[in-house]
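Quick one: structure below, then a few questions.
Chain naming follows the written order as A, B, C and D, and within any one chain the residues start at number 1.
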Amino acid sequence: MRALQWHGTRRVAVADDLPVPRIEDPRDAVVRVVRSAICGTDLHPYRGEIAGFTPGTVTGHEFTGVVEAVGPEVHGLRTGDRVVASDIIACGRCRPCHAGWHYQCHRVGLFGYDTVVGARAYAGGHAEYVRVPFADVVLFPIPDDVGDERALFIGDVLATGYACAMGAQVRPGDTVAVVGCGPVGLLALEAAWTLGAARVLAVDPLESRRRRAAERGAHPVPGGPDAAREIADLTDGRGADAVLEAVGTDDALLTALDAVRPRGVVCAVGAHASDAMPLPTRLAFAKEVTLRFAVGDPISDREPLMNLVRGGRIDPTFVVSHRMPLAEAPEAFRLFDSGAAGKVVLIP
Amino acid sequence: MRALQWHGTRRVAVADDLPVPRIEDPRDAVVRVVRSAICGTDLHPYRGEIAGFTPGTVTGHEFTGVVEAVGPEVHGLRTGDRVVASDIIACGRCRPCHAGWHYQCHRVGLFGYDTVVGARAYAGGHAEYVRVPFADVVLFPIPDDVGDERALFIGDVLATGYACAMGAQVRPGDTVAVVGCGPVGLLALEAAWTLGAARVLAVDPLESRRRRAAERGAHPVPGGPDAAREIADLTDGRGADAVLEAVGTDDALLTALDAVRPRGVVCAVGAHASDAMPLPTRLAFAKEVTLRFAVGDPISDREPLMNLVRGGRIDPTFVVSHRMPLAEAPEAFRLFDSGAAGKVVLIP
Amino acid sequence: MRALQWHGTRRVAVADDLPVPRIEDPRDAVVRVVRSAICGTDLHPYRGEIAGFTPGTVTGHEFTGVVEAVGPEVHGLRTGDRVVASDIIACGRCRPCHAGWHYQCHRVGLFGYDTVVGARAYAGGHAEYVRVPFADVVLFPIPDDVGDERALFIGDVLATGYACAMGAQVRPGDTVAVVGCGPVGLLALEAAWTLGAARVLAVDPLESRRRRAAERGAHPVPGGPDAAREIADLTDGRGADAVLEAVGTDDALLTALDAVRPRGVVCAVGAHASDAMPLPTRLAFAKEVTLRFAVGDPISDREPLMNLVRGGRIDPTFVVSHRMPLAEAPEAFRLFDSGAAGKVVLIP
Amino acid sequence: MRALQWHGTRRVAVADDLPVPRIEDPRDAVVRVVRSAICGTDLHPYRGEIAGFTPGTVTGHEFTGVVEAVGPEVHGLRTGDRVVASDIIACGRCRPCHAGWHYQCHRVGLFGYDTVVGARAYAGGHAEYVRVPFADVVLFPIPDDVGDERALFIGDVLATGYACAMGAQVRPGDTVAVVGCGPVGLLALEAAWTLGAARVLAVDPLESRRRRAAERGAHPVPGGPDAAREIADLTDGRGADAVLEAVGTDDALLTALDAVRPRGVVCAVGAHASDAMPLPTRLAFAKEVTLRFAVGDPISDREPLMNLVRGGRIDPTFVVSHRMPLAEAPEAFRLFDSGAAGKVVLIP
């Protein structure tokens, strides 16, 4: 089959002769991919930021497709079912899974991401076929009246944006600030509207991203050192009721903490990786702030998300800027890496 | 001043020579009315359903206006402020008020409703001027960029619809049924969207009301004995996640209990007045239902509501069907009583 | 094997020659019973209140034991494990199960209760051995340092009492009323303490039951028409913040609704079976009451419950009044039916 | 009157000739102090850690007493009422006060603490009399059957411990870790029990403090670099469900973040004052942690707290180690500063 493989920093290539995956475990399914996407997370190995990433890894953790085969212990799925996959792989049977904390699963994994998350590597969705472990946990059927692309992002970025708004406890009438207007930030913005935000302030240093946020009804705020002050000005000096941080850097988090009102909540879904972010505890204590770190959970949240997509409340496809054949995936990665694209969808 | 007075069953009349109210208590304000509205609740005395209602009562509990005078113990309000009044009068200082339960205030009242609610009668808002007790609790400033009519319903029907959706714990992705598509039901419907409903099913026996609900995005369901079955059909047999009951009759509540899914919530904001509604506890127990009775609370909820109105998330004026001068209030009552109108706004 | 069988109204008998159950389905386990108990629910067939109850049914839905055999699709359980069973049988895989609503499971059942709950009958725990379907969902391991009898009630009455207190949203500092001081009521009382109740008022017409409640720190209140008034007197006229209704009759529920304060919550875990309980909606609306019907869910709540038992926060064995050999189960039923006993534990 | 005054680093002295305070504002009351206490917060100026602290300041923000005089705009309080004061002074009328965020009040102050909190200084409670602003907000009546000393700590340390447990969302069955076993930590521990903790692990480097925690039912854990590992060992490697941080240093917060389980909550009520606490965001993100900073709020929480004290659920007086006359307050400060005492109560 055809698939994209990572070979080194900014070196990815399409192979056409990889073996089609097969059922290896009774809980596996094999999915024929219909749509996949490139995620910001994919840029970390692409840019060579992850030491020891295994050459030959088939990348990609956002995909929809059709079930081609199911193992004997997979319940509720049949060959021919249209499905969207969770980016997170979880067993569904351990204690964290029972609590609904799938990213904390004892056997957690991430498609196409080597062993960066979890102890075991799984080939990803930038391919014609994918083997899906714990298939009845990881896959979710797509209703007939929902197209593949509308369902696609439930498996990752929409779930992440939603987790961000939920984690920040957005309430009706709130003024919500979104820090970072990439695809996750834009979908966090949509989720904030869905939860009843009265106003969304969208912070990003890039004018093009602010414009996209403005198209979704947000008030654009340039990033940088003045962002928090501008948010204060826009809120009669109070600050935002909730701040959705979708970048993952120390600076973004500091902006979020500055921008939130007293007793407000900051939810960070950016993939933070600092060992010593300089947290101003004096400020946080004086404002009685809540700071929550969250990871999107497509397994726990897929039902409300599918309902929202199906009911037309959220159409996440607005984040897509390009659609390209899988054969051109290397060019798609270059484009996405350049910052000039929104989501790039790959078609096998 | 001019005002509408109740004189008996379907007997209301405009008087032009009533004294302008004055400050009687240090916490009073006097408001010059700019807009008022007729509420379904007003129909109870109009139809003669309330024994002992005092002739001469100036009716009306929904109004906006301008502060004309404030007592010496009123804080934060000044002459000239544009304000919307809460229909509920509450002192702000008793234990229920401190808990945010204004309808349970030890000194609760309702404008223009004699002593039906609370021990003391207060003249209402179908008038050129109103005396407002506990003014800094009962009145809420209207921002400059919000028109009177958009603010008007925060004081009653919008707050009631919102309380209904909040009380029913509508969550993102829910399928919500609204039983009764009068003004309160329609605003409950809007509130359900605001809280993230993926789908709203709107039940009413009147085609005209269902059509209005459909214009707000709801799926219309004829009322009557088949309503719950149709809702089951529309939800793969499950029932609605939340049911907003905005009628106030035994039948409506029974429909709501039939229509709700197992573990779902029914919130009733209709003014129930039965002493022995035949509750099917067997069904309620088998489905593990929650049944909540709620009264709208414009005092507690006015800030999120004003934010939602100001931010354009909810424009409650769509419920208005007629605007008439106060001088024609008797005709307005006849019209409203006939069922042929939505909200009727009176202009002094 | 030995087991108790129901043969008709107040006719139960021990048989010694029943076949030991075997694995019939890959998800089954067989459990050797160590302790079982008689539940109030068992009295309904005993008293002939359930038409069509199948003669020969092995009764009992509260039991602990040791796993004797497990089917090939049972995960996480091994022969020799000490376990407590949930009274509710649930598949763990349907949509209600995924939502954590095990009593709403599409394949729900109740041990030893014929087809009163669910479509399929399962032999019960008043026996030496029980076949347990969906074993990894229905059984829960008992830690080494927790004795069988302390664990036993997690499978039913303790879970029910806990669901009652949780459903009534007991909060720290609350005054809680418990209506009905049988075993479920007494454990609801304990759960109320666990959730931070400052005061518990225990209503029961029987002096012996009130005394047991008083021994657990509650203030006893005689049942009957004056109960609500006495609760009002004990709360400065306000009523109880939360009322835990553990009887299941119309009268008990009416007392609960009378006794609860405005904006309070009544949670009913009694097995209500009325088709037309005369609900005073006027009162419920005026007080803005929440009425919740709940069924205990040992599957969802077993982890906190086991933690509370293990940590010594709750020792549910105080409800046990008698321990008898299984061979004397008919006498045990007579005793329990007479009202003279608390929980009766049977030892195979 | 007699009062204690701060004159400089470790220089406090009793004066006997200070003027008795009088009503200065219509919302004032004057309270004759019956009991006061020294708080850890008082040690900051005592130790000279607060630049610019005004010499002559009468210290102390924990006190109970009897109302001697009330201003004309004080509602619900009368001369002779026994009261406990909130340490936080709040107006009750601004927007944060209406939201119940009294520490964020636009006119916030702290008795006896100069202008460290808020813009205005108020003489404190280590005195025979205190002037209390916004008296009907700041003072809370003590029921006849509650002694002064049992009520005293509702005004500060008990409210702080309670806010900590509430902020950490302690749930029934949780394993809770308390970091820091001074008076606040010990009362946070009690609050954790009240909320249903199954187990409390109490971390402190001082053996004497661990022993006090153990007397309250906690499992003692020595502080230092191994604390988090020991907590992991005690929880099968998982970590504590909730961590109550009652120290206020970077190290304590890092221990808390290490000790909490994935998806757990850390609530910090220690008075943090770092500008760059080195937050390990990688860890926080991987564990999806919530970190909440909270300040005790005796105004919002006094009713449940008084109920808990009155009902005997919490007796906070166990934290008292010494009772001394006000005349010996300098000696009391020396003792408290030495770390050899629990709470020291002063009797005028």
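We take it that a residue touches a chain if its C-beta (ideal position, glycine included) is under 8 Å from a C-beta of that chain, and two chains touch if they have at least 3 such contacts.
Keep in mind it's a predicted model, so treat the numbers as computed, not measured.
Enquirer: Could you tell me the least number of steps, going only between chains that touch, from chain A to chain D?
Expert: Minimal hop count between chain A and chain D: 1.
Enquirer: Determine which of the two chain pairs, A-C or A-B, is joined by the larger number of C-beta pairs in contact.
Expert: Here the pair linked by more C-beta pairs in contact is A-B.
Enquirer: Take the average of all CA coordinates in chain A, do the same for chain B, and state the distance between these two points in whole angstrom.
Expert: 41
Enquirer: Just give me the whole-number Å value for how far the CA centre of chain A lies from that of chain C.
Expert: Between these chains, centre-to-centre, one finds 43 Å.
Enquirer: Could you check chain D for residues that touch two or more other chains and list them?
Expert: Not one residue in chain D touches at least two other chains.
Enquirer: What residues on chain D touch chain C, complex-wise?
Expert: That would be residues 162, 166, 171-175, 191, 194-199, 303-308, 310-311, 313 of chain D.
Enquirer: Using the touch definition up top, name the residues of chain A that touch chain C in the complex.
Expert: 73, 75-76, 93, 136
Enquirer: Which positions of chain D touch chain A when the two form their complex?
Expert: 96, 99, 101, 103-104, 250, 253, 262-263, 268, 271-282, 284-285, 287-295
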